[in-house]
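I'd like to ask some things about the structure below.
We just call them A, B, C, D and E in the order they show up, numbering each chain from 1.
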Amino acid sequence: METFVKPDIDWAALSPVLVLLGGAALTMLVPLFLPVGVRRGFSAFVAAAALIGAGVAAAILFAHDDSGRGIVADALRRDRLAELAQVILAGSGLLAIGVSYREPGRREGIGDYYTLLLSAVGGMCFFVSANSLMTLFLGLEWFSISLYIMCAIAVDRLGSLEAGLKYLIVGSFGSAILLFGSALVYGATGEIGFEAIERAAAGDDRFLLVTGLAMLLVGLAFKVSAAPFHMWTPDVYQGAPTPVTAFMSAATKVAGLVLTLRLLTTAFGSQEELWTLSLAVIACISLAWGNLAALVQTDVKRLLAYSSVSHAGFLLIPIAVGTPLGGRALLYYLMPYAAMNVGSFAIVAARERELARPVTVSDLSGMGWERPFHGIAMAIFMFGFIGLPPAGLFLGKFYAFSAAVERGWTWLAIVGVVATVVSIYYYLGVVRAMYVSPGELRLAPAGGSPPRDPALTTAVAASLAVTVGTFFAAGPLIDLARDGVEFLRFPF
Amino acid sequence: MDVAAWICLASPAVAVVLIALAGDRMPRFAAGVLAALAALVSFIASVICLIVLLGEEPEGRAGHGSTLWTWLSAGDFRIGLDVVVDPLSVFMMLVVSGVGFLILSYAVGYMRGDVEERRYHAYKALFLFSMLLLVQSGNLLLLLAGWGMVGLSSYLLINFWHQRETAVAAGKKAFIMNAVGDATFALALFILTQHVGALDFATVFDRAPEALGDGTTLSALVALGLLGGAVAKSAQIPLHTWLPDAMEGPTPVSALIHAATMVTAGVYLIARTHTLFELAPDIQHLAAILGGVTIVVAGLIALVQTDIKRVIAYSTMSQIGYMFVGVGLGAYGAGLFHLMTHAFFKALLFMAAGIVIHALAGEQDIRKMGGLGRALPWTYRFFLVGALALAAIPPFAGFFSKDAILASAANEGTLGWSLWGAGAFGAFLTGLYTFRLLFIVFRGEPSGFVREHLHREQFEGPFAMAWPVAVLAVLSVIGGLLQIPGVWHAVDDWIHPVAGSIEEAPGSTALLSALAALGLSLVGIWLAWSFYGRPGYGPARARRRWPWAATALERKLYFDDAYDVVFYTPSTRLATGLERFVERPLFLRSLTGLGGAVRLLAGRVAAAQTGLVRSYALALATGLAVITIVFLAVT
Amino acid sequence: MPDVGNILVWVVWIIAATALFSSGIAVILFQNPFYSALALILNLASLAVLYLLLAAEFVAAAQVLVYAGAVVVMFLFVIAYLGGRADAPLAGGPTFQVVGAIVAAGAIGVEVVVAIALKAGDRLNDTDEIGARFGSPAEIGRLFLSNHLLAFEVTSIILLVAAVGGVILGSAVPSDHRAEGSAEQ
Amino acid sequence: MMGPGIAAYLIVSVILFATGALGVLIRRSPLIILLALEIMLNAGNLALIAFSRRFADGDGQIFALTVMVVAASEAVVGLGLIVAMSRKHVELDVDKLRTLRG
Amino acid sequence: MITTALIVLPFAGALLLWILPWRTSTAAGGLALLVALGELALWVGTVVNFDFGVSELQYDAERAWFSDLGVSYKVGLYDFSLWLVGLTALVAVASIGYGMWAGRARPGAYFGLLLFLTGATVGVFTAQDLLLFYVFFEAMLIPLYVLIGVWGGAGRTGATIKFIVYTMGGSLLMLVAIIAFGLDRGSFDMTELGTSDSTWIFLGFVIAFAVKAPLWPFHGWLPDAYREAPAEVSALLSGVVSKTAAYGLLRIVLPSFPEQVADWRTVVLVLASIGLVYGSLLAFRAPDVRGVIAYSSLAQMCLIVIGLFAFNDSGLNGALLQMVNHGLISASLFLLAGTVERRTATGDLHLLGGMARGRPVLATLFIVVGVVALAVPGSTAFAGEFLVLNGIFPVGWGWAVVGAAAMVLAAMYVLRLVSAVLHRDVGTMVPDAALDLRPGETSLVGMLVIALLALSFWPAGITDHVFGGQPEQAVTTRFSE
């Protein structure tokens, strides 16, 4: 009889997730015992503290780890890739809190929104360090289920419910595919740990393995809204409460892409020619589809959703090339990208609260002059999405294209270029609306200035700072990214 | 001497700057005086140069020069801000600044009271500066600079009264025709820089025979380019049409200023670069031929013109034709001599015409004039002097200089003889049209128009206008004595160090040719007298008999029409066509069209997002199916 | 000489598989969700039989208890609460949806089958020997508390999150009552 | 091992998976879609357990058990959503959920 | 340090303008003007201490940016870039001054953007790292977009989109080229670029610059953008921003792609010659003031490219001189067009005319600039064109003939412009009350004109102080000695 071996539990490595879970527990339970007036503030404060704690913990871990190792019986991996991603995720969550704080119409002061937010971040932090198919699946479901609920949390609005249900149906469909793929990979190798899969996959008999790989790719591509698996994205982004969209658009991408990178390099290094090319093709489709569809959008959130699809294309380029430079490019790209996404949705949220209705592009007219700070921030985000300095995303694109060129896939970089040119139309459409269109003011009936919202403004300012800061401080950040991917085994 | 040369060049420029900067603060009159003074300073400086040069040995007179600073550079290729002080340039400086001074003085009186008098004087000073730059420049590039700026000044002067549509058009035409000349000139310079490596006179003339070769295509191209510039500037056929139009310009003075000085620049250029022309004898002869053709054509057209200034303008063309014949045949001294005398009597004629126009309150149509001799006796006399000089009647200046040219031509074989023939026929025409003008304007009974409009002034105009005319009249009478063919050759000798004439006509030939030409001139004058000097129907009969000839001459032998058909209309059509069929559809609308197509596609793509969640799942499933098939197939 | 046990297993397997297919098709083809849910119970039960055949006793038991016993019952409650509204399968929606669905689902199925078939030439059926403890509750428990401790904990977190979500969504007050409430904020 | 080989189980699981997918794709009632999703997950489970048997490795069974819990969680959330929607008097037909499109 | 200061000063000024609240155009414009004058003063100080004897980098500064791809913040001045920086500073002063004088809505934003544009342009001229160069190159787009889009004329929307899409399409290709080049060389340091024999990289650069300049047939954005932008923005755009393209050709393409330059020279020359004639012809037909200036800019940029691709002492010097000349000329022309449009509310040549009468200052400046623009011999523009054509002549006489013909066409369109605005009968849209240039306008345009006249007296002031006196050698050795 085998003896019971208690696995070695690396509490330090789990600390970010644990801090978030603790925060989630606090926000779930404590407000019930607090007076109604302070619940909201308390929850937000605790959530922020938990996110900061998680971020700091991850940062400390990052500083201490110089190579990766499996923890808790190799279920997770403690390495800088995960820790860097965790910092970015915590940051996105933190920004999202600023956006959420004044969101009207939420359940009165009960902390469950923040519970879900923390849980989602926790799930993602878990997910990015997943080191086996099982933890991958569980982490995915963890944060997905949190997100399903968050999307639908504005239960008054049919749009929110619709978004939630759509996300749930398509998401579960994707999860089921991912699960079946995992099963096939397990069947092909007999292993669920990533490294073990790589070791066991050496054989020449690969049919089940590649079928499983295909299904895993589809499941992950779905999560990062790469075309043609992106179709949930516009509906869900548009229907979900804007702060949720802000968070989801940034964090899901970070988590999904980092894990994709980890899975493919760690477990499927032997199948490199399959996934590199197919991801490149998916990237191209995303670039084309996202940009084209965005051209004709009128709703700003939907426009940004399609932009997110196109950026999935950009972000898949560095993964597809499968080189260390690509890894660096991905991690660096994600930093300004996450901030810009949260920031731009935050501004949409602010406008939405001001107008008390969904924001269309023409609703932005005159905003640049009336709300100068939001205007400038939004303009910088839009210019940044195009890839103009001084947004860090410019360097992100530079790195992504560099990775493609270095790999010898100049054509991929050129596809990216063409897509960027197309994207100019709609990003500048937003800027044009804010500054150029005659400012027939259409404020909320109350008129005048909108309610002060320092939390949201802080979030926007922070996003802006990250967006611009990543440009100027690119050197150190890229060093971080390099450390993050140092021990991945890139096929090229 | 160098200082004097620089002062000569700079003083009109200073005047321009002062007048421009002072603006309203300077009285109008003062502007004119300032300009005239500047010209005077230039003239004095020229005289100083002359005196200094005279003090030197003839062979040592060439080659003086001075450089202020490098004007333009490219690697080893350097162009200095050079002036050259040698007999040729001093000769031209004297003519330009001397006649220029007289003209500017005259203008002070003529322009008195015009609203924009200051601007006018500034333009004139600018003109003088440009002209001096042209003749003083020590290298071909600065010569071209002066060349172009002269064109610019003439443009400014021609459309001085810019409300007039015709003046504006004439100004543009003059400038653009000259620009054509500038362009060919510049092309010649490109060849020179490529093969000679420098543009200063000394180096170019020194190295050219070796670098370009004698009689080679290269030399021919260089000479052709320079000739193009010269032809355009000197209004020779076929680039002549701007000059008569320029007479549409508002003031006779401005007309004068280029008639008397600027148009002779071509002659100067050929004389200056004779080394290059001599390397390409065919082209030099071409210059002479063009000159000969111009003599005849311009003389013919002048016969039917009705604008007093136009007649004189055509005569200018014709006279410059003589000069071209001269320099084209290598008789540089003769050509330049005629240049000088022509400056005197042509200026005289224009000034006298100016007094007439002034007196008639701006009227220029000779058909409305008549019998002015009594009203303006001194003017009549001055005009007569000018006309006699122009018609080359001894002992007036024109006789000696024109005769020198004809004599040289007579010595040049077949080509020379044909040119001589043209020149002699030109002499006949000159006599005819000159005296036609004289008789119509000054003789006969005063017309109604004259009686109505003539306002007699004290001494036929202000003193400022009168005295330069008088000076010029004197010069027209005695200027010809400077050089008498077969007797002495002051001009030839003077410029010999720079441009030694290759021809020396024997005295007998010279005499014969002079007599023949004189005879023809007298015939012309007689004919003019018989047609216009007394009542008669000669002209009308001739017109009835050869209506086509009259029309052809009145249409100026269709040169303008030809240019319209050959150049202007096609280029305008081309531009319009490009705009309509290339620029708009291809470049301006291209992106719009592409954008439309993309947007259409985008609409289709977005329409795929039906809102049906099952379709989203279907997309997922389809994508999965495709990827799996591909993966399996590849594996 | 075929082993009787083997034949028996085959028979059971065929029955279970048939039940599995038919109940699966029933789930997706019944008009009334109520019947579909009932068919799902059969489906899950057939699965449990297969699990047993694969020596996964604990999973089979959990399948019956958790799924058939809890999840489907929850479905039934909801269906009862909402009043089962029938909708015709294959009706509504664009034509390409149905055709595409059948083609895509079929294609995926065929592809994986092909993959399996290709693999089957290899050692797919070479099953390893298993001990008596394989699949037993004790073994599962040991795994859960050792190597898969984390997975165990995470499933509980997921369940908790889902519960919170269920509370939030399920306890939502109808909007007409909330309109004023939100306006006051 | 008695009875059919692992491949047979796998084929069953694949067919089950396709059935579930078909259900999601052709049905309009969200309830039935949820049921079909359960079938898909269970197909995955069957595959996992079959492979678990083949390798005599307990990981697959553990995986299957966690999937069960996950499936239950999804069902809870899905049903919660459906209830919330029905409270807003929305017809239970995913094809009617088309306010978000384009 | 000084180079960095040259770059940072306008940006800092821009930030200040954006942050502080401004009530009047004069106050905001005044500060901007002060900053621009400071920039100019800084430049003068640089010139005074510059060592013109050598064609190597001076006043350089370097800081690591991100090391893994060898990208750094590296700036410095060559003798030829120095002149372009000076051009930028001067035109910026004139443009900002003009904007201040004209008065613009939302002055803080407006002048801040103008300064931002200035800073970015200076950055392009001083960057010594390919990526940094690209950053500044792209950074110019943002202020231009907003300036045209917000303060532009009625057709600004289409104009801006066209402008941005064209230029970004080009420059993104250049980004790919930069990446390929830099990765290939292992460094993005422009002083150590070396050469490449890749045609694709070469084309990436060339097309980007061809769009920016613009050259035929990439000029589709030009007429609209120049027409719709505020006058002073057009001045900066055509005067300075377009020079960045020529600078890029000179700084990057010519030295680093010797083989391709030789192989593609004929193609480039053919396109440039077509553009030269085409632009001149269209300028001759353009119905409005700005149209004439816009198409003449096209022609002039083509001429500059001809000079660059002559690739000899004369051509290179001429191209550089002509860059400065054209910068000053088109800036003054656009500012003058602005003054005319302010008075008449139209740029349509049919509605203008007779403005010279009673407006001597306007007439004088207009004619002087026009005359220099048509390269009357003796002017600095003539010096530039002469060198360019003189340089191209040995390459092939045909190019020079086309160039010479274009000089005639230039005379045609400039004179047409001058007479249509100033001469003939008073146009229907010209009110009698329209004043002559005010002292403010006079001093701004006058400043540029004085620069032009000074250059006309001494074009060698530039040609003697570039490339260390050895243009071809300097370019061939990639400015390394």
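Keep this in mind: contacts are C-beta pairs under 8 Å (C-beta built on N, C-alpha and C of every residue); 3 or more make two chains touch, one makes a residue touch a chain.
Quick caveat, the model's predicted, so the values are computed rather than measured.
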| item | value |
| --- | --- |
| Chain C to chain E, fewest steps along touching chains | 2 |
| Longest centre-to-centre distance from chain E, chain (CA-based) | C |
| Busiest interface, counted in C-beta pairs | C-D |
| Label of the chain whose CA centroid is most distant from the centroid of chain A | B |
| Innermost chain, where centres are averages of C-alpha coordinates | E |
| Inter-chain centre distance, chain C versus chain D - centres from mean C-alpha coordinates, in Å | 5 |
| Between chain C and chain A, distance of the C-alpha-averaged centres to the nearest whole Å | 30 |
| Centroid distance [mean C-alpha coordinates] between chain D and chain A, Å | 26 |
| Between chain B and chain E, centroid-to-centroid distance (C-alpha), Å | 36 |
| Junction residues of chain C - those touching two or more other chains | 93, 97, 100-101, 104-105, 108, 111-112, 114-116, 118-119, 124, 147-148, 151, 154-155, 158, 161-162, 165, 167-169, 172, 175 |
| Junction residues of chain B - those touching two or more other chains | 595, 606, 609-615, 617-618, 621-622, 624, 628, 632 |
| Of all residues in chain E, the ones touching two or more other chains | 161, 165 |
| Chain-chain contacts as defined at top | A-B, A-C, A-D, A-E, B-C, B-D, B-E, C-D |
| Touching residues on chain D, where the partner in the complex is chain C | 1-12, 14-23, 25-29, 31-32, 34-36, 38-39, 42, 45-46, 49-50, 52-56, 58-59, 61-66, 68-77, 79-84, 86-88, 91-93, 95 |
| Complex interface listing, chain C residues touching chain A | 111-112, 114-116, 118-119, 122, 124, 133, 142, 145-151, 154-155, 157-158, 161-162, 164-165, 167-169, 172, 175, 178-179, 181-182, 185 |
| Footprint of chain B on chain D - complex, ascending | 21, 24-28, 94-95, 97-102 |
| List of chain A residues in touch with chain D within their complex | 133-134, 137-138, 141, 145, 148-149, 152, 155, 158-159, 161-166, 168-169, 172-173, 175-177, 179-180, 182-184, 186-187, 190-192, 234-236, 238-239, 296-297, 302 |
| Of chain B, residues touching chain C in the complex | 610, 612, 614-615, 618, 621-622, 624-625, 628-629, 632 |
